[in-house]
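Each of the next two complexes has chain A plus one other chain: chain B in the first, chain C in the second.
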Partner chain A sequence: MTSTRQLAKSAGFGSVVGVALMLTAFTLIDFSGWWTARTISNVVHFSSILALIAMGQALVIISKEIDLSVGSVYGLTGIAFITFEHSLGVPGAVIAALAIAAVCGLLQGLAVVRGGLPSMIVTLGGLFTFRGIIYVWTGGSVRNFSEAARENWLTKLFGGEVFGIEAAVLWMLLMLAILSVVLKFTRFGNHLLATGGASDSAESRGVRIDRVKIITFVMCSVMAGFAGIVTLADQPQTHVTIGDLLELEAISAAVIGGCLLSGGRGSLIGAVLGAFIVTSFRYELIALGAPSSWFITFVGVVLIVAIIFNQKLARWAGHNV
Partner chain B sequence: MNYVTKLAATALLATTALSGAAHAQDETFRFVMVSHIGSNDANMGWLTESLAAFEEKYPDVTTEYVSTNNYSVQEHVRLLEQAIATKPDGIAVPIVDADAFEGPLRKAIEMGIPVVAFNIPDARPVGERIPYLTYVGGDEYLTGLHLGEYALEQVAAGNIPQPTGVVCASHDAAHQGLKARCAGMKAAMEGTGAAFEELFIGAEPATARNTLQSYLQANPETNYIFTVAGWSSPWAWGVANDMGLSPDVDNEGVTVLTVDEAPVSIEGIRAGHLLAANSQGFWLQGYAPMEWLYWNKTLGYEPQSDILTGPVIINAENAEKWADLVRGVFGDEEYDNQNTW
Partner chain C sequence: MSDAHPLIQVKNLDLYFGSFHALKDVSVDFHAGELVGLVGDNGAGKTTLIRVLCGIHKPSKGEVYFDGELVTEFHPKLAIDQGIETIQQSVGLCDNLSIARNFYLGREPMKKIVGIPFLDFKQMRSMSTKVIRAFGLRDNVSADDEVERLSGGERQSVKIGRAVEFKNRVVIMDEPTNHLSVREREHVNELAVQLKEQGLLVIYITHDIFQVHKLADRVVIMENGEKIEDASTDSMTAEQLEEVIRQGGRLVEKMGS
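Right after this comes the complex of A and B.
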């Protein structure tokens, strides 16, 4: 009974309820269309990519900040991976691309913390800046990914399949496990929750909130960049629009998953389930014949409902929101 | 009038005429192309190359190319208003959204700035549309129509399957030109009994794939995919291939059609992945509007009709020639870079 109550009070509980309601609705409306191996496989595959970005976003939101640049960082890192491969090979390109992502996060983190600027403004600037770099760098067209690079073991490791399961799904599960351990069982995770929950109190107890926030921004950008590499290792045919508006889906996933924008409360598994909800809604709306432009409206409605539900849940769990 | 007086009058006239001619030669013009084809679109190269060629031929004209880098009508209107505020001698602009562009363009025309529409016309009848000088470009409706008709010719020849479902995959839900392409394809397919759907897939590659996958899964009768941008054709082919729908050009499975004389379109055709694409004469769409603006300013020319620069069908038979032409514009290295197949 106690464990059930604890589960109900956890940040990700709203997303569990959301997934249950959604699956019930899809089962009732479109059983034969939804419950097919191909549909579930496709939804889970794209959900995994979005979840990688959403988990990074969740960490930033837990620290009481936000990162609007993740879509552009995802794109810039992916483009860097494709472009650098020609000169550095696949392993070198992966390292260089992730380094670029880390620098993006570091610069933004420094601007927020040292500059005392609102993260919404800094990362909005990042969104435009990194997208602009993509346009200038590529001149409007992303170069091809060579046949040899597609066959490289590292490309297969990031973008191939293992026992019929897409690598993106396995990477997402691995990152979920690692980050959950970091959040729940490490000193850094404890400091992160304290920073977002009550920064003054945390600081007075010796938590270096500046450092925590900068590291979180770096982790968020690296996660977005990693998602870009995983995507392109699987499907290297891309365009300069890569990552366009993904930041909104990632933030939605994190918020639907139980992250409070007031900080200090959030769930990584909730962010994963939030990504699953966002992707599933798009998939099923199209399958039911609704114009695909309706998707964004539905995400908006789900987002508002999720925020209301999660806030009530947080108050019930004893959080000040 | 005696001889001396005549000589003096002639000298005066000659001096006046010569100074007038010198003045005419000194007069310079500034034409602005306010485009939706920005640095996020490789087709920008056609337009900027043609403007450079125009400036070389007409050294008394300076051309400026300004463009949006995202698919945003609002951003485009903002750029247009900024361009008008600088009082250029002429403007070339695609009418991406007639309602949104009508106000700024009518104001520009009232200010005496000649306007030429390029790439996308105002689709309304001449009396109702924005009173620009002329339209230079392809016909988006004909692009879809001719590609559809070409596909049906191939059906009759037994080269591809009869259409049972056609999806027009568009990356910009507000782009009237893309809607017209879809409408043309729909018109071509009428009478075949095939279902037709216009699907907004967005411009983000992974999201677009996910959307298209969902559609194909829910609509298994769909066997023709028409991507209204060349760069999204590999995504459509990839999704259909992953789903085991045999998307190469043969007499089974899915058939993919696309647009543009871009390397990715041409090489997709040469590799047997795509049935056909089209050229809408991009180079001319940059050069010809500038020339009409120049003739209008210097000689008062007003074209009596729109000037169509396309569509021309690119297929397996002529793709190699197109490849040679495009390599000449982009260069071999850039051409190969843009072949993402």
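Right after this comes the complex of A and C.
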């Protein structure tokens, strides 16, 4: 009992339970449909891409802010990657596209911190602004990679396979490892947790909470942009709606994964598992023949159940939330 | 008691929050090796004044000198870097972090592993354990426990222990004995005197004029954002000072006229 309670203290615990429940349910309902190499490979691939965005989102939520613009930043960065390739080549396009993502995060972070504005409104503005830029920039047209660009080593590194494992999965695991270490074992991580937990106290101890928040917004946008690059390196074709509603899936994944919107608590592994849960539901619903529009309803229900569950779990473990 | 130039000199300080005039033309000197009681009723401006000194508020008008130098930038980080430690009432600890992490928040010890700086948990743990044991926290509380587990007195002990451990030049205590048991209170007061004797400037904020009169070399009384009294504890008794507070400065004006 005590050890379970100890385990429940970590924010990602709820999502582990969630994944176990979900896999049991899918096995019972649809064993032969779910446990196929094709389904699992697809689910893991798209979970990984969503997880990249959800991890960035988790960092922002831990800082007690929110970023609604990640879907648009994901799309804008991906499109920049494809478009710049013609003039800059693949490596140059990666750098330029990520720089655009970083600028998106920087501008929003500055508006939140310097302007003292609620991040929900600032990033809602970002969501519309960046999506608008996508429409104007592409004129609604579809863009493609040249054959040479598809064969470029860097394109393969982001979108191909390594030892039979999809690159997206490996990138996700790498980022999970790096960001987890940053969050738990570095000074910046300590300041981020403190800023989200009690910003007044953090500031009184000399933490530059404004810088912490701006850096977190930049990290979140770069993660979303990186996910866009990984997606398009795999399937180098753009469309204007790329990344639509992805912000809601990313926030859901982070929250299902145990990030509390009250700040200061969250788990990156939880965000990854949350992304897995959200993506799995999408696939399983389609597999079961439900109309694809049901997916959003399900995410909504899972999200609400998860919030209630995670909060009860946190209180049971002894947190004041 | 006091050397030639004051360690902290506040000159004609005004502070507005919007249209609210929180500090009105406050001038006061603080010297190293001095324990100054800062006294006044709720809303008198005591906490606001020390929030300027520890870098949270920037004055609207007037000057602050630290060690003879004009202070031009106000941020808690700069104050801490200058050696000003503040124990505040409502802030200072993050509930979601462990005692060890709170202890070193803002001045984390680092250890390089393959050239990358990581938090030195070993040092954070050993130092904060030493301090919480010295302050008599419950035996089943460890440095890895989150602060949310602690009682009011224990939280205060962590804050004071931290300030004492990192003592530099100034320790500001804002109502340090609130929520404390009698024994804990005596311990804190002893510490305040010890720090002073080690040559630090200690600013001790309280409602309790009788308690601080016993400890302090000098008492500064504030009322409505103004300084209404600044007297050494040798020159005025606690009763006289209490009367000043009760009269809200009117006595002083009368005596002056």
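Here, the second predicted complex is superposed on the first by the 314 of 321 C-alpha atoms of A that agree within 3 Å, B and C clash if a C-alpha of one lies under 4 Å from a C-alpha of the other, contacts with A are read in each partner's own complex, and residues count from 1 in each chain.
In this text, contacts are C-beta pairs under 8 Å (C-beta built on N, C-alpha and C of every residue); 3 or more make two chains touch, one makes a residue touch a chain.
Fair warning: this is a prediction, and the values are worked out from it, not measured in the lab.
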item: Superposed partners chain B and chain C on chain A - clash or fit; value: fit
item: Contacts of A:R38 with chain B and chain C, given as first, second, both or neither; value: first
item: Which of chain B and chain C A:G318 touches, first, second, both or neither; value: second
item: Chain B versus chain C as contact partner of A:L193, first or second or both or neither; value: second
item: Superposition-derived comparison: chain B or chain C, residues of chain A touched; value: B
item: First, second, both or neither for A:R265, with chain B first and chain C second; value: second
item: Contacts of A:G243 with chain B and chain C, given as first, second, both or neither; value: first
item: First, second, both or neither for A:S201, with chain B first and chain C second; value: second
item: Chain B versus chain C as contact partner of A:Y135, first or second or both or neither; value: first
item: Chain B versus chain C - smallest C-alpha distance in the overlay, whole Å; value: 36
item: Of all residues in chain C, those that touch chain A in their complex; value: 54, 56, 75-77, 79-81, 86, 88, 90-97, 101, 105-108, 110, 117-119, 146, 148-149
item: Contacting residues of chain A [partner chain C, same complex]; value: 181, 185-187, 190-191, 193-194, 196-198, 200-208, 264-265, 318-320
item: Touching residues on chain B, where the partner in the complex is chain A; value: 38-45, 69-70, 171, 173, 199-207, 209-211, 213-215, 217-218, 231-232, 234-235, 238, 243, 336-341
item: Chain A to chain B touching residues, read off their complex; value: 33, 36, 38-39, 42, 46, 49, 131-132, 135-136, 138-145, 231, 235-246, 249, 279, 282-284, 286-289, 291-293
